[in-house]
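Chain IDs A, B and C follow the sequence of writing; residue 1 opens each chain.
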Amino acid sequence: MSTPLIDTVDAVETVDAPARRRGARSPSLIVGSVLLLVIVALAVVSLVWTPYPLDHTDPAARLAGPSAPHWAGTDRLGRDQFTQLMLGARTAVWIGLSSVAVAFVIGVPLGLLAAAAGRFVENAVIGVIDIVIAFPTLLLAMLLVTVYGASTAVAISAIGIGVSAEVARLTRISASRVFTQDYVLAARTCGTGPLMILVRHVLPNIWHTLLVQATLAFGVAVIAEASLSYLGLGTPPPAPSWGRMLQEAQSTVAVAPWNVLLPGLAVAVAVIGVNLLGDGLREVLDPQLRTRRRATGR
Amino acid sequence: MLGYLVRRVAWLLGSLFVAGSAVFFLLRVLPGDPAVTLLAVGSSPDQLAAVRHRLGTDRPLLVQYGHWFGDLLAGNLGASLFTRTPVLDQIAGRLPVTVPLALSAFVLSLLVAVPIGVFAAVRRHGALGLAVSTLAQLGIALPVFWVGIVVVWLVAVRWRVLPPGGFPRTGWQDPAAAVQSLVLPVATLTIAQGSVLVRYVRSATLDVLSQEYVRTARSLGYSLPRALLRHGPRNGAATVVQILGILLASSLLGTVVIESVFALPGLGSLLLTSVKARDLPVVQGTVFAMTATVLVVGLVVDVVQRLVDPRLRGQA
Amino acid sequence: MTVLETTGLSIALDREPLVRDVSFALDTRDRVGLIGESGSGKSLTALALLGLLPAGMRASGRIVIDGRDYLGAPDRQWRRVRGRTVSIVFQEPLTALDPLMPVGRQIAGPLRLHQGLNRSDAERRAIEWCERVHLPDPARLVRALPHEISGGQRQRVALAMALACRPRVLIADEPTTALDVTVQAQILALLDELIEETGVALLFISHDLPVVAGLARHLLVMRDGRLVESGPVDDVLRRPRSDYARQLVTSAARVTRLARPAGGGEDR
């Protein structure tokens, strides 16, 4: 059971595979990359240029609609929404990447340990993973915020730990699958040590699964970050975030409904982008899918 | 089956213990003294000591830990730092909002999403099937609170047919008003949960469709929908039960965000205000209650799964 | 009388041809063996004969059943043929049967579907069929789940299911490959008995020449999606015309010669 803020649906779509494999190139990979690139470009450009400085307010043009000076309009303080959107992209990408990094630093070694070690360690790790998965990311974040106050670091830790359980689970399952293969057994009878088996057989066989999982985890992290900021538990002001933009836009939705549109769209573009990218990577990287593609028509 | 049940309950108790400990210790590493935050600046050391004594924070950590579990077993979750109301009473007071919200969203998303998910699987190559899958994908990618804001804007601000938020002060004494104020939150949560559910149901259906026994049924003259009807329920039941568990848990958690969007005085907003006020016992108690619910749902799911799927019974 | 005839059957995935220009006919009481290595297109041909090709694959040519061309016909029309005129038994009975449905109900299903029998009549007929395929204690066995009976018994169930509505063509797609050698011989003997009894025309697909030769009277040899040889079994065995058939015959002969002294009286 996985219950982070939004569930990761990483169902393997067995029946769809042949249909999708018909296209030699993966359209999801291309569309996903393009969508994600838009968000990353916003974030990167914001490092060197934004239409206005972050703290710039335009009191004469409060809650203005989209116009030439303010492409995406302004909020109730007269702050430029496009500037906020670009900086929000930076926050989203940064928190997304760091949480995924945290999740993998914790999850992958834990999963490999469980797969490589004996039954006792494996069961212990499975138990821990199950408990963390049952313990929702949102509640973890709330506990941490109660203790440390809302901050970027707390958001990253909470999301990272929450996602790490899923990463550990997947790592354990895919690594165990490799460990029980005959060629690994053969290598073991030849006296190859566990570390060597890990490097030579396990990692090469599971890294693509993990990469796909990383893209999905990034999407989960982006939504989680937005939700936390919306609730006032994420990155504190003045650093902008899509979630808080939405929270502020909600109070003025009667007069300036357009302010709701862009931040929500930005989250959706980021999440759909990485999900499509993940689907595409799965199609392109999975060695089994690839060989099956070559040998279709049995 | 009995042996399994015993093991599974033992596992549940173990995880409740771990969760309880985690909640306790995470909150005890709190920098600063709750007594100081409670009292005005310049209070006397005696006053501070009195408050610490009331809160129990003057005792050794392990003693406090023991008390936390002792109280838990006695059904006592402590009292709010500020209002001194027992946490259990506070939680109970919020359930009339949260339980109807979570349960109706749960039931509605099931009713809506299961047929849609099956349809999307059977017609996966058709235009309508693809459209449904794409919409579900969009529903998953959009934050639930964004959906809520848009729904509020459209229905409450533009059309003015329903209140944008809030809950009648008198609660369910005015059922019509209470129901009215829950319509939009339930609808929003249903859209969000439903999208996730459509994808689960779709891939579960695809899984059954890809089985060879479906091909066998077709080779004997069954149409695809009839083959699905013949083999789907019994083979999909275990997956469906698991999905129900996930859905129930996420409906409960989804209320945290939804109640914030619609300013509903439920469990989620109790938690949120306590987090912001750093009201430790309330946070502790509410988080524990929610986690316990999720864990118990998990237990029920596992047991029911075994009942409906004889193949699982042999496994450890 | 010809029950099933296919002419110029080709199957392609993405314009990549998998089966090319296959033609043959099955008459009443015919016993045709289709042999070829895995991936040669035999199973696809079988699926095409029932209109059950996987999504994305296209068939062209003609598939004439009872004088009517069904290729490209809508599923609604195919459904009248499947299980009633043409039936199939698949290779792996464990996955071909619903793991959670009692086997009796699985046999009764097509009877209710095609002959409109009510539940109790259909289940009675299912028990009769269990007797005909020599399953022990049929009245009790019909309530068992597939994983509760042996592999050979499962394949007997699959045969009963396929024959329940008295089809005129039975396609057997490697029906014994997943079984132990001794069980394999029993199933082949049963198959022989059943087709003799019911007069169903048989298309037996296998990669194992001795197995096919023991059951079929006519042999089709397939390679890389094409039929490379077609003729009476004895002719093909004695005077194979294609290189591939010659290889098959010589290697099969070598194996049987090797196997005989060691394996002893294995009777096919």
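One rule holds in what follows: contacts are C-beta pairs under 8 Å (C-beta built on N, C-alpha and C of every residue); 3 or more make two chains touch, one makes a residue touch a chain.
In this text, all values refer to a predicted model and were calculated from it rather than measured experimentally.
Colleague: Computing the C-alpha centre of each chain, which chain sits at the greatest distance from chain A?
Modeller: C
Colleague: Name the two chains that are joined by the greatest number of C-beta pairs in contact.
Modeller: Chain pair with the maximum contact count: A-B.
Colleague: List the centre-to-centre spacing of chain A and chain B in whole Å, with centres computed as mean CA coordinates.
Modeller: Each chain's C-alpha centroid was found; their separation is 21 Å.
Colleague: Using mean CA coordinates as chain centres, what's the chain B-chain C distance in Å?
Modeller: From the centre of chain B to the centre of chain C is 51 Å.
Colleague: Please work out the Cα centroid separation of chain A and chain C, and write it as a whole number of Å.
Modeller: 49
Colleague: Could you check chain C for residues that touch two or more other chains and list them?
Modeller: Within chain C, residues 55 contact more than one other chain.
Colleague: Mind pulling the chain B residues that touch 2 or more other chains?
Modeller: Answer for chain B, listing residues that touch two or more other chains: 125.
Colleague: Which residue numbers or ranges of chain A touch two or more of the other chains?
Modeller: 15, 19
Colleague: Under the stated contact criterion, what part of chain B meets chain C in this complex?
Modeller: 125, 211-213, 215-224, 230-231, 234-235, 309-311
Colleague: Going by the contact rule at the top, pick out the chain B residues touching chain A in the complex.
Modeller: Within the complex, chain B contacts chain A at residues 11, 14-15, 18-19, 22-23, 26-27, 29-31, 121, 124-125, 137-138, 140-146, 149-150, 152-153, 157, 196, 199-200, 203-204, 206-207, 209-210, 242, 245-246, 249-250, 253, 256-257, 260-261, 271-272, 274-276, 278, 280, 283, 287, 290-291, 294-295, 298, 301.
Colleague: Under the definition above, what is the set of chain A residues touching chain B in their complex?
Modeller: 1-3, 5-7, 9, 11-16, 19, 127, 130-131, 134-136, 138-139, 142-148, 219, 223, 226-227, 230-233, 243, 246-247, 249-250, 253-254, 257, 260, 263-264, 267-268, 271-272, 275
Colleague: Where on chain C is chain B touching in the complex?
Modeller: 50, 52, 55, 75-76, 79-84, 87-88, 90, 92, 95-101, 109-110, 113-114, 145, 147, 158, 161-162, 165
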